[in-house]
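The structures considered in this document are given below.
You will see two complexes here that share chain A, one where it goes with chain B and one where it goes with chain C.
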Partner chain A sequence: MISVAWGHRLLLLLPFLLTAVLWGWTALDNRAAGVSRPPGFFARNGWPVGIYLLLAAGVWLVVLVALPQLSMIDMSFRHKLPINQIGGPRDTYTLENYRYFLFGSTTSTSSWNVVHLRAFAMTIISSLLITALNFIICYPIAYYLARIARGAQLRLLLVLLIAPFWVNDILRAFAFRIVFSEKGLINTALLGVGWIAQPIDFIGFNIALFAGLIYAYTLMMVFPLYNALDSVEAAQIEAARDLGAPWWHIHLFIVMPAAKAGIASGCTLVFMLATGALAAPLVLGGPSTLWFTPIVYDRFYQVFNWPQGAAYAFVLLAGCIALVITALRLLRLSLADIAR
Partner chain B sequence: MKPAFIRVACAAYVLIFLVYLFLPLAVMTVSAFNTPAYPRALPFERFTLEWFMRLAQDDAMLYGFRNSLWIGMLVVLVAVPIGLAGAVVMQQVHPRLRSLYYVLTVAPILVPGVIIGISTVIFWREISIWAGTRNFYNGVLLTVLGQSSFISAYCMLLFTARLQRFDRALEDAAYDLGATHTQVFLQILLPYLRPAILSAAVLAFLSSFENYNTTTFAILSDQTLTTVLAGQVRQGTTPAVSALAVVIIAVTLLAMLSAELLRHRGLVWSMVRSRIGAVRSAARPAAGTIVGMQQANAVGLYGPRED
Partner chain C sequence: MTAEVALEEVTVRFGQFTAVDNVSLRVAPGEFFSFLGPSGCGKTTLLRTISGFIDPSAGRLTIGGRDMRGIGPNRRPTALIFQSLALFPLMTVAENIAYGLRVRGCPKAERLRRAEELLQVVALADQGGKRIDQLSGGQKQRVAIARALAVEPEVLLLDEPLSALDLKLRQHMRNELRAIQRRVGITFIYITHDQGEALTMSDRIGVMRNGRLEQVGTGRELYDTPETAFVASFVGEVNMLTGIVQDAADGMARIETPRGIMLARNPKDLRAGASATLFVRPEALLPRSDHDDPAINRIAVHVIDLAYEGNQTHVMCATACGNRLLSLLGPRDPAAPIPGSAAWLDFAPQDAIVLPSAAA
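Entry: the complex of A and B
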């Protein structure tokens, strides 16, 4: 068994070691370039600016991004202990937090932790569904923006699209609550017209939650798609049309393959945001809704079991990343492709 | 099918889409002026400003609002310089390491905000246990650090886009005239980046102000406007929340309008300097749109397009 103290130190040293290795490799590689080698970092920026650049970028990537994530992973493999026992003999590495996620108990493995596993699966499946629906809804809009709208009309549309998203998550979810509640707009309207005799429980059936989540990430889908569709060659579409391709054929076999990277980046973004959504499930979730993020939240502030919460958070993160990378593999794209 | 038909269908679809975008906000706005204690737009009983009065007397919300303002300003001070440094370093990283660096820097945008909040709290709690002081374990401080980790990435993408069009000859000319590295940075690069610095500051403040997922963890036992709001919305619904939404929408509209006016003042100035400059800035979409688009683009992992 590795001692916890050393494991922790090693983990926290990791980003520094990685930086040193990459810096050294760069220096060696530049030296190998001989006469045409580029100037070193400080020769190029001067000391005052060089130190600012290094300090700011280093603090960001190491202290604000890498170390917290590594601490979280480290904590997820530890026991829940009172502060005075941390570093003591009972402070060892363990899988009990992950065991709890799978089996609902830190010791026995006889039965599955149905509630949490189901919530996790539901969150992933619902997020995939939300991503797909969002794509279907936003594709025509992005196509219209990129290929049909021009000039002032385009500018007006862009402003109109962006304006609703300056309102924060909670208020947006609240607006959906007003629209979908028992005495809300839709029920009032439907009752008034006489199409239904009883108000529909939109919140209990999770319809409000789905609508709210789709709405929340619309902008994140429209803009990557818009950028991608905007760069598709018009000549390609014209050629296909001249050759007699039906309109759906043009979209499916010409436009979409050409815009593949943009589609993938919009979908990745919406999927990651939807799985991590917290406001909409809290405000719009019915009594029986179990989104995974509120469960993670409860590990921290209801159960007060931080190591377990860390494990749950890591399961969520690792699950999403694994899924996104698999999907990109299938589409023959790399992370760098969708990032460009 | 004829393209003309598709055009009409598309336009109709866009119209329906806009109704879908604005209907929830419109309903919320109307409910803020309607008398029933349970927020509803229909039937409209009587016009009232009572909910705005309630809002002004809500101490918890005012307290949260002040905290949010502080956090937003601190995030601007942290994230904008970091984003700037990140973008300059991006240009200087060894070409073979550039995509690794890029993925590392935009990763915080993709990581769910909840997880950023959790990991920030865990790390700084460990630091404070290790250092034996509770000075680091402060909700406002942790929120600023947690939010900055991904807001810096937004800012970096804005700077990267502008730096791509930077003319290196300007730097070389300055060096030939005997300028030091620091002078070139302060007197050539920073003035060139000024528009990007302004939009990064606006973007950073707004992203911080409206953030909930990271904040709810990182703020610890303290409160910001969004966490107070979340508490109220969970407990029950009151039109005072709608009233707050109306205020936020109004302030946003005003901010967009004044950004537009500022841009026109800039337009006059650039006309004086050169005609070409005027034509180019006139061709740019409204400032509010740029910031919004750049946020979406930044989030979309797309460098903002050249304008």
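Entry: the complex of A and C
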């Protein structure tokens, strides 16, 4: 068993290890993709600027990104202790927080923690669904922006897309709640036209939540898609058409493969953000909706069990990263591709 | 299967701009026809109109007797080879070629067999598994041709497909294209700004300028009997002398130029007093250093420079007022004069032609 003191030394080393691993991974990816080595970093920037850039980026990455995350991981393996016992003999590493997530108890493994596990699974599945729906909605928009709209029309459309996002996202969630509520705009309209006899429970069926989350991340999807679609060669689309392809075939087999990296980039962003959404599920979720993030939130601020909260947060993060990396591998995309 | 392409008073306008202006033309089935013209003359617009990407603003287009109005590029019996080739980079060579068949629901085994056949037609057998970026420029060219031929078009349209290749390959691909066209026997409509390409490959050439078809004819007709000053100067090298027609009779005209009075053919029946330009090809201009043998048409010049090219010699001359004239000497012609010396350039009246001066 590693002692906590050793754990902290490891913690400080980890950012550097992680950097080395990621660097090596990128290098391997580049080699596999046949990317030739560019001139050296210091050769291009000169020593003073090079050192400054490394330090600036390094401090930011290590102190503001890596260390907080790593200390959270560290915390997730510790007991919940009163402050005066932290660092004392009872402060050892443990798996009890993860055990609690799986079995609903820190000691017993006799029954599964059904409520939390189901919320976790539902969050992942719902987020995948939201990502897919978001893509279906945003692809035509991005295609239109990138390939059809020109000049003033393009600028107007971009403003129309962006302007609603000046509204605070919690405010926007409440607006969605009002629109979708039992006596809200949509129900009133549908009742007024006579298409329905009873108001629809949009919130109970999670329709409001899905609509809110899909809308919240449209820009995250539209812009990577726009970028990718913009760079597809027009002649290729025309060539496919000239060879007799119907429009859907061109999109499916010419445009989308060419824009694969942008699609993956947009989908990754939306998926990660949707799984981590907190405000929208709280505001728009129905009485039976259990998004995973509010559960994590409760570990910290309702149960006051920070180590358990850390474990829950880490489970969510690790689960999402694993899923995204698997998906990228299946699509034969490297990390470098989606960063393009 | 091959088809006739007929244009009847086709006009294409983009807003105020007329890209193609009242073009009428028949391209016979199985013909290799080229549109030749400088960039911006409307030839690409015309090709895109035939392929269906642009609708004519006026006029009628028929392919194989069928009116093409309202028929999209995916339903026309044409295939277009793009200037950039537009090969699909994420597909292999064979998949590229088979794409048109895949769209038509042809089973995989069948379309790969067909792709292999076409690879043989374009002399790329056994290269079907390669990625596009593993091919050279000339090979990509052939893949683009094979991909277009795979859908068995009745008309193949080619938009300056050789312009990205280097000179040597370009000359090789000219012969190749011509050979492929003879083998498959379908109508080729080819677009180029390179008169060498047009002359070597085509059965007939249409010279375009400012959206209009200036002249249609075989390469020899365009070269020997141009109908306009533009055609005379655009097709092949030519020497020009401007002047005024003095008198005209029996299809010949006497034209007064700053270099003297010259006699030349007068196919446009220019009358006395008309301002005209005399065109004479470099190979018709023969340098003389002795003045014993007076010819009808003779220009006094001094020789500026010689460029020896093995089978021919370029003799660059200038008249007293600085007009540049070029004479081409073959190996059997008399020896070239020495640079710096004075000389005379003679030409036969039959080898020169008088046309109305180009309206700028």
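By our rule, the second predicted complex is superposed on the first by the 296 of 340 C-alpha atoms of A that agree within 3 Å, B and C clash if a C-alpha of one lies under 4 Å from a C-alpha of the other, contacts with A are read in each partner's own complex, and residues count from 1 in each chain.
Heads up, the rule we're going with is that a residue touches a chain if its C-beta (ideal position, glycine included) is under 8 Å from a C-beta of that chain, and two chains touch if they have at least 3 such contacts.
Since the structure is predicted, the reported quantities are computational estimates derived from the model, not experimental observations.
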Simultaneous placement of chain C and chain B on chain A, clash or fit: fit
Chain A residues touched - chain C or chain B, whichever exceeds: B
First, second, both or neither for A:Phe103, with chain B first and chain C second: neither
Which superposed partner A:Thr26 touches (first chain B, second chain C, both, neither): first
Which superposed partner A:Tyr93 touches (first chain B, second chain C, both, neither): neither
Partner chain(s) touched by A:Ala235 [first = chain B, second = chain C, both, neither]: second
Which of chain B and chain C A:Phe135 touches, first, second, both or neither: neither
Partner chain(s) touched by A:Ile254 [first = chain B, second = chain C, both, neither]: second
Which of chain B and chain C A:Gly244 touches, first, second, both or neither: second
Partner chain(s) touched by A:Phe210 [first = chain B, second = chain C, both, neither]: neither
CA minimum distance (chain B, chain C), superposed complexes, angstrom: 6
Chain B and chain C contact sites that coincide on chain A, given as residue numbers: 241, 246
Chain B-facing residues of chain A, complex: 22, 25-26, 29-30, 41, 44-50, 52-57, 59-61, 64-65, 67-69, 71-72, 75, 83, 86, 137, 140-141, 143-144, 148, 155, 157-179, 181, 183-185, 188-189, 215, 218-220, 222-224, 227, 230, 241, 246-247, 262, 265-266, 268-269, 272-273, 275-279, 282-283, 293, 296-297, 300, 306, 309-310, 313, 316-317, 320, 335-336, 338-340
Residues on chain A engaged by chain C in the complex (per definition of touch): 233, 235-236, 238-246, 249, 254, 257-258
Residues on chain B engaged by chain A in the complex (per definition of touch): 1, 3, 6-7, 10-11, 13-14, 17-18, 20-25, 27-28, 31, 38-43, 81-82, 84-86, 88-89, 92-94, 96-97, 99, 102-108, 110-116, 118-120, 122-124, 126, 129, 145, 148-149, 152, 180-182, 185, 206, 209-213, 216-217, 226, 229-230, 233-234, 237, 241-242, 244-245, 248-249, 252-253, 256, 285-286, 288-289, 292-293, 296-297, 299-303, 305
Residues on chain C engaged by chain A in the complex (per definition of touch): 51-53, 72-75, 78-80, 82-90, 99-100, 103-104, 147-148, 150-151
